[in-house]
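Chains here go by letter, A, B and C, matching the order in which they are written, and residues are numbered from 1 within each.
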């Protein structure tokens, strides 16, 4: 039964403000409209000024320059390029070069970082201290200095004739780094296919084993079997094909080495500098991840009788990964952005090529916009994947 | 903005809720709430959790906003008009279940902050006021301590004093003792009883039935977003009209 | 010696634990050889150190040349610290006139003292900090710029080296911080228009390399201005770096804001405080304390980022060093020169990161500040 109050609504002396200016809803809309006006007017003002200034200086506007003949050479490119190609194509080469650096550096930095991070949490005092020295020394020095240092080191390496050789076939010299790679052989395609097959089989094996365990309780070490298949299948294929392995050895011919795989001095310096720097940050992240798993959980898992492999797989790594993956992704992003330091040492990454384009055509706005859009796309893509990852692994809370 | 022209008659209605409805998305938190509170009246609101009791009193000082219906406080209608909201909030003091003291400020700073900033009081006057109310709640010696250094009961009393420093005419209590250890409940209830005896208009959401029997003029039972029953305590506890009320009382009074 | 008793009343002599007689050996056993794997690792590391450390020490200390000229350096096999002795002035101070270097040193001392003061909680009061920093900026800029008080005027184009690094760093942090607070608050706004503008702004600037922002500052900012209006390159670069810094810092502050319980805002609203009153008195003081370690991390990064101006030709300490190393006579000793600069960066950044850890400890101890 609802109770009706003694209605006095009609008897209220209407006190209080009724002005719409004081309405929260109105104010909210008003603030946003004012902000929008500022942004639009500001943008217009800048746009007008930019156009006026460009006209005054006789600089072209528009995107036509992208199809124009570039007229400059690029030191190294993963796909063929010459100065007859367009600016647009040159920038694309820049992007590829950036990705080349990023890809390899990410691998080096991660390896270094994971190793050093684990070392820092080691119970071996000496190992832990050595890793700490590396981390602190590298983190507190700007990446610019790292890249400059390594680039200069490479520049001061001996000439090819006196090149320093850490192992058979590999040479470090002021012309860069060369090392032997296997010559391509048709058999390798088969090996590659076998590898892919192996991965697929291993995945299905893992699923089957898991279902078996759920149904029957029997434990099948699918992980080791899977690993064996992934490694063994290609190996067997290779042996069947006659075990072809011919090393393409770099040989000194005249003033330089021919053969093998070569890394330009700029590339080597950039990769070294960026990897060492980022590796230190990844080491810290890995350390924090390992230390973030409460020890009590490991103890509880042990008390439950779980074997160490299971504890690693189901308790430690999933939780450590949650802590490690997002900041590591952002470190990878930083690394990619830091590859733009190529402009400093002459490596033709995107920023370097863009800078040359900017200087030659004078169209600074367009060139810089292209650069920013490319990096922004990379960054947003990584953010997107990060968000998806976070949603998947988020620990459900009340 | 205290209106000093209208006389403080005993029967003037200070708070009125008329057909108030509120939704959180799809979920209805308040359904056709009608309530009116007279000056000096002490209202205790009880009901199972999730029934909308907290939501209702938080609508009264606009910490939440209702989507349909009208709320009048001292004649001023609560809409999204900022001036009206400010006027209403200066009439009403609120005490929260989790105290919500400002941890980075000392007790006395907690109390003097609003009088200095909102009522533009000089610091010395504000401190005098603060110490006076700290005495009222019987912890003047804690003035220069920090909230983290006080017990729960002391913190809640400080919270009451902090609201009183704005000299409100109405006090809202949102389960003030629910977060306290049992031995500290009494000290807070004692303060609230004193306040009631001095004639403060109070709406208290609480499960403390002993307190309700002592102090309440009106009991309100809410369930499932509705006001189910409004009655004075003697009727409410002995001969409730609604079956749901009776059910609730059975559950709560067997403790 | 403990003389506890069992329940039967007999004496229990607590025997001392088994230990090595020598504490050092015990420590080594616990920390270096506590497992088979660790023992192996320790041995490998010791062997590695034996091979490399003595050579390094010989190079750095025993065979090194501390003063003299490049001939002596070339002749020796050791480190050439003489390059630092010879070139440290241009490295540290750029092309600033030689006789006026004392002004830079004085400015640096004043600046560092004020920074140290800012970091001590005793000074954490707006009423102290703001006058202190106004005084600091006035004093240091007067010293560096001159033109008054009998000091000869020296144009900003001649500023270089460490002072320029400090100026860039200070400008970035001082101008970027208020912007970051506004961006963080804007991002948390309930008004969709305000929120989206802030989100777009923050995410765009965080997604691009600092270099591109510096390019914009150098090449594009002048285009934004009407004819005849010009801004000094240094100011433009500082603006770019400040905005970049603000976007990262805004995210850190946002984390702190999210950690404040809603009840704090509700209590403040119930008391009648306005939005800005409750933000400035209640929410921000608590939020900033919470995210202080993250804030300091980005401040350290801002210091390191000043080195990027090498790319656009401003003469910070790193640019000055590379310019110095163009000298053909001293070029080969780049390792020593770069190490010198690295040590300077390291000292500053390491000190700040230690400070950050100290603050974290204070926070976890619940210390009042």
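The rule is simple: a residue touches a chain if its C-beta (ideal position, glycine included) is under 8 Å from a C-beta of that chain, and two chains touch if they have at least 3 such contacts.
As the structure is a prediction and not an experimental result, all values here were calculated from the model.
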Maximum centroid distance from chain B, chain identifier (CA atoms): A
Contact pairs, highest-scoring chain pair: A-C
Centre-most chain, if every chain is reduced to its averaged C-alpha atoms: C
Between chain A and chain B, centroid-to-centroid distance (C-alpha), Å: 55
Centre distance in Å when chain B and chain C are each reduced to the mean of their C-alpha atoms: 50
Chain A and chain C: spacing of chain centres that average the CA atoms, whole Å: 24
Touching residues on chain A, where the partner in the complex is chain B: 1-9, 12-19, 22-25, 27
Sites on chain B touched by chain A in the complex: 3, 6, 13, 16-18, 32, 34-36, 70, 72, 74-77, 79-85, 87, 226-227, 229-230, 241-242
For the chain C and chain A complex, residues of the former touching the latter: 31-32, 34-35, 38, 41-42, 45-46, 190-194, 197, 203-204, 206-212, 215-216, 219-220, 222-227, 300, 304-308, 310-311, 318, 322, 332, 334-335, 338, 341-342, 345-346, 349-350, 353
Complex interface listing, chain A residues touching chain C: 28, 31-33, 35-36, 39, 46, 49-50, 52-54, 56, 122-127, 130, 136-137, 139-145, 148-149, 152-153, 156, 337-338, 340-341, 343-344, 351, 355, 358, 364-365, 368, 371-372, 375-376, 378-380, 383
Chain B-touching residues of chain C, taken from the complex the two chains share: 261, 263-264, 266-273, 277, 281-282, 285-286, 289, 366, 368
